[in-house]
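Here come two complexes built around subunit A, the first alongside subunit B, the second alongside subunit C.
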Partner chain A sequence: MTAVSTNTQKYWEALKEVMDPEFPISVVDMGLIYDIQEEDGVIDITMTFTAVGCACTEWIQGDIEKRLMEETEIRQVNIEVVWDPPWTVARLSPEARKRMKSWGVSSR
Partner chain B sequence: MDQAEVLKEKVQEGFMVEGIDDMNEEYLKALKQTLTIVGDTELLSVPPLLTVYDQAPTLNNKITALAIMQDEIGHAHIAYRLLKDLGEDTDGLLYSREPNRWKNPYAFDFQLSNWIELGVFNALFDRAGYTLLGDAGQHTSYGPWRRALVKVDKEELFHLRNGEIIMRSAMKDPELRGKVQEAVDWMFIMALEFFGVADNLKSRSQQIEYKLKGKTNDELRQTWLSTAVPFCESIGVKVPAHYDEETEKFVLDVPFPCKFDVENKKWLFDQPDTWDNVIKRFKARGPQNQQFVERIQQGAKELEKLRNEAVS
Partner chain C sequence: MAEQTAGLQSFIELIETIADNKYVMGDRLVEVGVSGPNLEATLAAIAMAQGELGHARLLYNWSFDLKELKKKPDIESQTGKAFPAIVNVNNWIALIASLYAANVAIDLVLRAVLDSGQSKAASRIQKLINEQNEHLIYSENWARQLLNDKGAIPSKFKEALSEAVSQAEAWLKYVEQQTELAEAGYIAKNLSLQQAFKSQIDQLNVQTLVSTK
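Take a look at the complex of A and B:
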């Protein structure tokens, strides 16, 4: 029997704890996560990076995998990196914008 | 009360200095000295990192290292820009200053031996920078610097975490474990020296009196130890310090300061030293001081030469 998770909210919440290494804003608030699917303990993440030359692609993927594996039911994390649609600053959450502004960093 | 006392009292009560009109000569001098140390430290962190960045195990690791160097140059730019606003000739500072006049830490006058040392550099030396600048960011009375440090603080944390990742993953590799320990063995004490002479040897500090920084050298050393020691121990790296329950402080298990064998990058723990001698060693500079400063000045000097040739 296959358990298809219809509610992936808890994984979105979990990834809110995974911070972008360069500025401590979560990968969710950065708008890097496009989709999360979970089925029978296998989680499929579709995500992007802010740039093809992002300095931290392996680092971020490692952190995402580590955090999701902390969920007891998860036994495998698959990450698919896509470049379409491309990331733009429009994907930053209002929370991310607020924090960047407080640090004096432009989010435009 | 004289003018200096009035200013000292004002800044201690929370007054923010925003421009030269708010300062006296003494404040301006102490501020310029502090910003020169900061700018030089940021900029001269790059040449040692460059000595091993091409040994990065993956392309993404290499790009991370380059992003860190770019940050450091950006931080240096902030400090020099502030100096320029204070009337300093920053071109002169950057391109005409003799190598031994630069104020970067002694620890940055050494080339690194391998990629692991780059990790330890980030984890221990950037942690020292993070400690010092974090304190300035919280306490400094110079408004323009305090605001600029908000961004710097976040980026230094990125460097520190990069170092921790490199060290942690190397400790899981039997072939690399020894290299981590070797690097920490010389770099741990080096990082402690960043914070300067012991408090009991300093009669007064204008940096503290004018609130350019908040904590004393020894307090900052304790702050650094309070995260560096637990981190190293958590990944199985031995460090010559431990937490003393009785005094509620970190104490060193080796003489500090002590003599350093420059050639072999080894601390001579059987030869305790004085801070006077340490300062002499700092002033005599480390082995790559000249080479690293020349590397920084090379482009400007070559361009100047070309320009002169074109004119003559």
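Take a look at the complex of A and C:
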């Protein structure tokens, strides 16, 4: 995860409420969010997905935008999807690994 | 739409060709793959279909960005550049032959794009290349299995592979001839795509590819 600056910490926390549709793990704990920048009510998200063929890309982006727009100061959300560095299970947070393990899903 | 240079036009054509092949491969992996030789093969084929269709979506969207389209059109069909060997796949043997030959060729070209130093190329295709490698491993191992099978299967496979290889080779030759691609920095310079392709296909140890002409 990219170093979190204090002024975007609240947005990282907000995105912990946005769940991956396939596993009830947040997009932050899945390691999908690479960077968050905010300036004058415009928020720029740099993110990835677990697979290029992910069928839920628009759904997840919609959920992210919807949640961030609930913050009163935010008037625009820009999302840039990147594929480098490529997502691997190494990006899962310890919390996500713990939950995966409890469901019997390998995270290695 | 901004005026396109020769290099950009060729690059868009290159990206569309790859996208078309992946789009049709995704379709064939579902249509033919669902009747695979065993359950594991079928499940893998369907999973790869989702991957290939996802790669096609990413590449078509890249081509739309290169064309500076304000509104991205829905992708309802290929643009007509897919290899006939892939379009005509109607059985497992032809599916494996086409999947292997096309992905070996596509992998070489996409790595040449990555090696060009073109800004943002990695953020577009690095993950695709990683995923594609899994499809290559799968199809190469199935190719070996079919080549060592019994009865008419090895000769049928060689015939299908020969057709798929000749079409992929012709495309690589065409790409090498598009000098504006390297001059404009869209792919790496001094490529030997055909040679690298032949070298990789030779690793299958197919003694004599059956002529389809």
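By our rule, the second predicted complex is superposed on the first by the 102 of 108 C-alpha atoms of A that agree within 3 Å, B and C clash if a C-alpha of one lies under 4 Å from a C-alpha of the other, contacts with A are read in each partner's own complex, and residues count from 1 in each chain.
In this section, a contact is a pair of C-beta atoms (placed from the backbone, for glycine too) under 8 Å apart; a residue touches a chain by one contact, two chains touch by 3 or more.
Small disclaimer: the values here were computed from a predicted structure and weren't measured.
Asks: Does the subunit A-based superposition show subunit B and subunit C clashing or fitting?
Replies: Partners fit side by side after overlay.
Asks: So, A:E22: does it touch subunit B (first), subunit C (second), both, or neither?
Replies: A:E22: touches subunit B, not subunit C.
Asks: Looking at the overlay, does A:S102 come into contact with subunit B only (first), subunit C only (second), both, or neither?
Replies: A:S102 sits against subunit B, while subunit C stays out of touch.
Asks: For A:P86, decide between first (touching subunit B), second (touching subunit C), both and neither.
Replies: A:P86 contacts subunit C only, not subunit B.
Asks: After superposition on the shared chain, which partner residues are touched by A:M69: those of subunit B (first), subunit C (second), both, or neither?
Replies: A:M69 sits against neither subunit B nor subunit C.
Asks: Give the angle at the C-alpha centre of subunit A formed by the C-alpha centres of subunit B and subunit C in the superposed arrangement, rounded to the nearest 10 degrees.
Replies: The C-alpha centres give an angle of about 80 degrees at subunit A.
Asks: Who does A:T48 touch here: subunit B (first), subunit C (second), both, or neither?
Replies: After superposing on A, A:T48 lies in contact with subunit C but is clear of subunit B.
Asks: Rounded to the nearest Å, state the minimum C-alpha distance from subunit B to subunit C in the superposed three-chain model.
Replies: 5
Asks: Quick check on my understanding: which residues of subunit A belong to both its subunit B contact set and its subunit C contact set?
Replies: On subunit A, the overlap between the subunit B and subunit C contacts is residues 53-55.
Asks: In the complex, go through subunit A and note every residue touching subunit B.
Replies: 21-24, 53-59, 102-105
Asks: Quick check on the complex: what are the subunit A residues that touch subunit C?
Replies: Of all residues in subunit A, those touching subunit C are 48, 51-55, 82-87.
Asks: What does subunit C use to touch subunit A in their complex?
Replies: The touching residues are 50-55, 57-58, 122-128, 130-131.
Asks: In their complex, what parts of subunit B are in touch with subunit A?
Replies: 58, 60-61, 63-64, 66-67, 147-148, 150-151, 154-155, 157-158, 161-162, 165
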